[in-house]
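Two complexes are shown next, each including subunit A; its partner changes from subunit B in the first to subunit C in the second.
Showing the complex of A and B:
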């Protein structure tokens, strides 16, 4: 944090704060923003409607049956857990490695993490035929079960992500408490309560610096834990496609890719529609592009490990599973996922022109869509290749085609997560105001 | 302006004629549409089961050709008759399930005849043509004795038929198989294609190493499968010839059915240390937030 104890620096800091706050303070949505919010509300409401139907009639409204008990709900859950890792990537890893360019993206990454992890937990509950039994996990859970590890680590990561979102925002909340008066009373009250008497005093700043450092260090192993444990839900079984020692790092590398993609999409939207071109510059896009290429290459490496060696051996039931992926009924989805979700973004983003905002936005959308379908490909085809022979079952049990309620509930969770982000943007600054002002003043002083 | 009345009249006549032709054609088409839809031909098979000489079942399977393959048809009502199709000979009616099979269980005490004809009838189905299938079944007896002598366990399966006076006559050259019931199916303990001798018996040695339940009990199943005259006969016998399958719950640590009280200590200690460490630090962070708030008040 910049030292602004001297009077001239203080005034310069206040000037800078005033100047950037005009750009960064939350504003009422325009027409497009309102349409977007209503769209999310309507789709989420449709999802809730279908979920109520599922609660009433049970999982029979889905296509989940004996052979595919984990369908798009669990694929979606893994996707949410994956994208939530971006919080630790941008806020913690880049902070500890001294990458100061990450400042404008920290809050975006944290709100994506919080929204994603909340909906990961909701999605797991949706997948339960009897959600009223959820608390049994806490009362009767067995520590031997990876599912319990997952419940514990998701809860921990949610708490840490909320703290990591909230604590660095306290100075901004105090600034809004003191200067943001043209808002309804409830909003003023909200800022006042959340600002917890922040006065920017040295004692307060020291304590905040200390706890942010603790959180930065602590969130990294927990973030690795959350996705490693999620991978163990699969890898701890003997099923073809899941029985892999590569799954932990494979899941984590994939999670960082989709997380970075998610931040770039959000950056582009704010850059374009919230007029934040001053804060998300070409240099930021360029650096995020390079980071995405690096992460994708690491993920590519793990993909080779994950598929090449089993394909070389082609043992037993693995052979049927891999042939289904490579040349069978999932081949079109498998190859288009690898191309769209990984290969094309790597090639495009290797070029400087590819790292401009619009191509970056398109490539990041590819990455996100590819990441979702990749989770589907991890979860579903394996379930269609059980060790116990499939005998005398109805034809429709052999192929998993999600039902309309399943699709709407899943889409409802995705729009729900976007709704959390949208409401956050409406109420809080997406780019840290005080931290950005401090950095600007500090850079000016260094330049002098 | 000159109006040619005869031309107009001619045109009206032509239009009227066309309308009538079109109308009659369309009526003809409609009449064709009203005709009942063509029904598919059904393939009906019928089997007879006798289990433990006490339970009798008839199973009818309905299939029809769909895209060149015979596919089971569900929800088809089948009537089962004994000897002839009449009201008083109706054994019962049941519908096919998702596997295309309709099963009717009926009481054996009503059956004293030595030779019975069973008839399955499919009729008045909106999608399938009427059809029926019949089988002639000779009353058969299947029994199994178990014997252990000189450390050799033997099963003796007998197939016979009663005569009109109630005496049992052995039947030779009947293919018989013996199995042991397992969790998901039957495990064969005799070779394929073994037949009863002249006295109606098949003898087979029973292995010593088959796991049973906690008391060593297992169920041996003897079967005559789809015999032309006898149908399916089955005889089950539970006997303590298995290896007792005792589970030492103290030694098991990973099995899904274990309770949470059997967590290995090391796992319990490690996870609790981790949780205490992480939540201790989270507690410290929250404590510092309170301190930050207090400092703000004092300032």
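Showing the complex of A and C:
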């Protein structure tokens, strides 16, 4: 009897599932997609080539020297950690606050998180002088060192993010196992294995709901943890410009900004090139735009704390550092970073017209580029101001300009992360199929 | 108690065993030395030696290699430090003339290239009104070392004798210690250091000296290999003006080679200070202020801040 009454809704659900799966199932790339993938492959391969050179000759191939022992590898690492925080923002924070419009963005944000955190780990290994001794971190690890805290918390976050990517995807994998027959054997096998015998039974659904809820709660402190600990790599030292109690929240607020920017760029690309205009509507862009403004304003607030108050006091060594940033040799980079990465996006996105897909895309690119250069500005200029004057060193030691191998290795890590995302898009649905269908049906019922 | 005794006995037994092993090893070295080797000049002088088989053999003294005099350092853990010692350095700024002999000796003995300095002589000026002075600056071997705190693998560590040491066989090259040191005392081996192969392989080079290796951090080590032999660090002996005093806080004595002074009296009488005490790192290097100087300050064109030349003397 009860079964009979739910019958029409079920068939409506199946219908909906069928119609949206036509749009959302992964498809072979067209010409543009193929060019994009090859481009990424080639650039990553060049990066690997230069890394092999670095392995042979040592870090001498970089522009790093004793007075700038950390450079773009480290700032790139911080960038990756930062952008990975978006996974927790969209999947967990927006879920717990009941923002249901987030559904089409959840999987994008999780794959960005996973790709970024994998490359954060790779980048930090690239920066090591002796990668052959990597295992010493486990044989001789010491809990006093913030690096060990980072290793622990990043590994935890990677595992949680992988679970957060995978578990909500199981119903889609099962759907593809049952309905997605015109793909190669290995791909079918992949879906079958990954679907771990999912039958959409009520018991399974309940369990999954619980797991996702637990993950959502767990991932938030871990996400805050990864970036706070990463900020402590700097804040735990006595260096001017890093010796700040503001660093944890400052880093986290900045991380959410670049993460939201990353999701918007991905949304735009799928919206435009994968025919997903039905799933990423203007309303989605509008909401993401508002979110980005809010996050940028919080970030702006922390920037004021970070720069205005030390500049007001002008304590000896801080003053040399800040002068270098505000009016010295880093001034052009500093001000253009603040403008492009923060001020201009805030102003543009405050207007309704600015929250249309294309301007949003441009603003998000600004945010991402600004976020990358900002991390450079956090890492490098500080190092040029030790408490002991720098004398009798070659001129080039004082102006860190990354070398060509360094640039290619860094760009290679960025394209490598994009490659992971691209591969994922090729094999898995970027917008959750089953969840979207369920939402559509339940919305229809509400309307009735 | 008895267990303690047992442990002590065990420790002693181990020590004796190690000693025997070391003895056997050196005997073996001698034995191999008995065979004719290329590139050895015979001296004509014969010496009598006991072979491992218990026979007395007579060979030319040219074949005899000195037994490593710091075998003890091998059998002791270099991480522990020299028992009962607490090394300290006092640098008298009123005597420094920027001769840079200390620097050159340090560079030579540690095989450092010109762009690597474990010891810098810096031009300092406390304020515009004050006269500039020369400040020899090495690693301060802080008692609260920020570099040791941040090392993820215990490759840099504080020894009981006060020395902050680096195990370049364990260092992973993350350079966290370099950014944690607010004094910039540490330098990194960005490429293969230009060190003779024998240094890595030969026993007579003490393991108690930081040996630069590619991809790792190195710095001034307070020459504990010299202290082990009862000798002064190379910078101290190289200085003709007696700028450096080196000694032991436990003995309350420091010496610059020609005069030995009571540390506590020297520090009080001469108003000694430590560089940037306010950072709270408790350096083991004290400075005596540059007052009543032996030499007038003579500027050096290479020492302006952000200078452009490396060690012009070389």
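FYI, the second predicted complex is superposed on the first by the 443 of 448 C-alpha atoms of A that agree within 3 Å, B and C clash if a C-alpha of one lies under 4 Å from a C-alpha of the other, contacts with A are read in each partner's own complex, and residues count from 1 in each chain.
The definition used in the following text is that contacts are C-beta pairs under 8 Å (C-beta built on N, C-alpha and C of every residue); 3 or more make two chains touch, one makes a residue touch a chain.
Predicted model only: the values in this text are computed from it and were never measured.
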Report clash or fit for the pair subunit B and subunit C bound to subunit A in the combined superposed model. clash
Once the shared chain is lined up, is A:59 touching subunit B (first), subunit C (second), both, or neither of them? second
Thinking of the overlay built on chain A, is A:70 touched by subunit B (first), by subunit C (second), by both, or by neither? second
Looking at the overlay, what does A:218 touch: subunit B (first), subunit C (second), both, or neither? first
Given the touch rule stated above, what does A:144 touch, subunit B (first), subunit C (second), both, or neither? both
Comparing subunit B and subunit C in the superposed model, the one touching more of subunit A is C
Is A:204 touching anything from subunit B or subunit C once the two structures are fitted on A? First, second, both or neither. first
Pick from 43-51, 61-69, 79-87 or 169-177: which stretch of subunit C gets in the way of subunit B? 79-87
Of the residues on subunit A, which ones does subunit B touch that subunit C also touches? 140-142, 144-145, 388, 392, 394
Considering the complex alone, what residue numbers of subunit B touch subunit A? 98-99, 184, 253-254, 256, 258-260, 262-264, 267-268, 271, 275, 278-279, 281-282, 284-286, 288-289, 291-297, 299
Subunit C residues touching subunit A in their complex are 115-117, 120, 122-124, 137, 146, 149-155, 170-176, 178-180, 182-184, 186-192, 214-217, 275-276, 279, 302-311
Sites on subunit A touched by subunit B in the complex: 140-145, 149, 152, 156, 159-160, 163, 167, 170, 196-199, 201, 203-204, 207-208, 210-211, 214-215, 218, 222, 388, 392, 394
Residues on subunit A engaged by subunit C in the complex (per definition of touch): 57-60, 62, 64-67, 69-70, 127-130, 133-134, 136-137, 139-142, 144-148, 151, 233-234, 236-239, 383, 386-395, 398
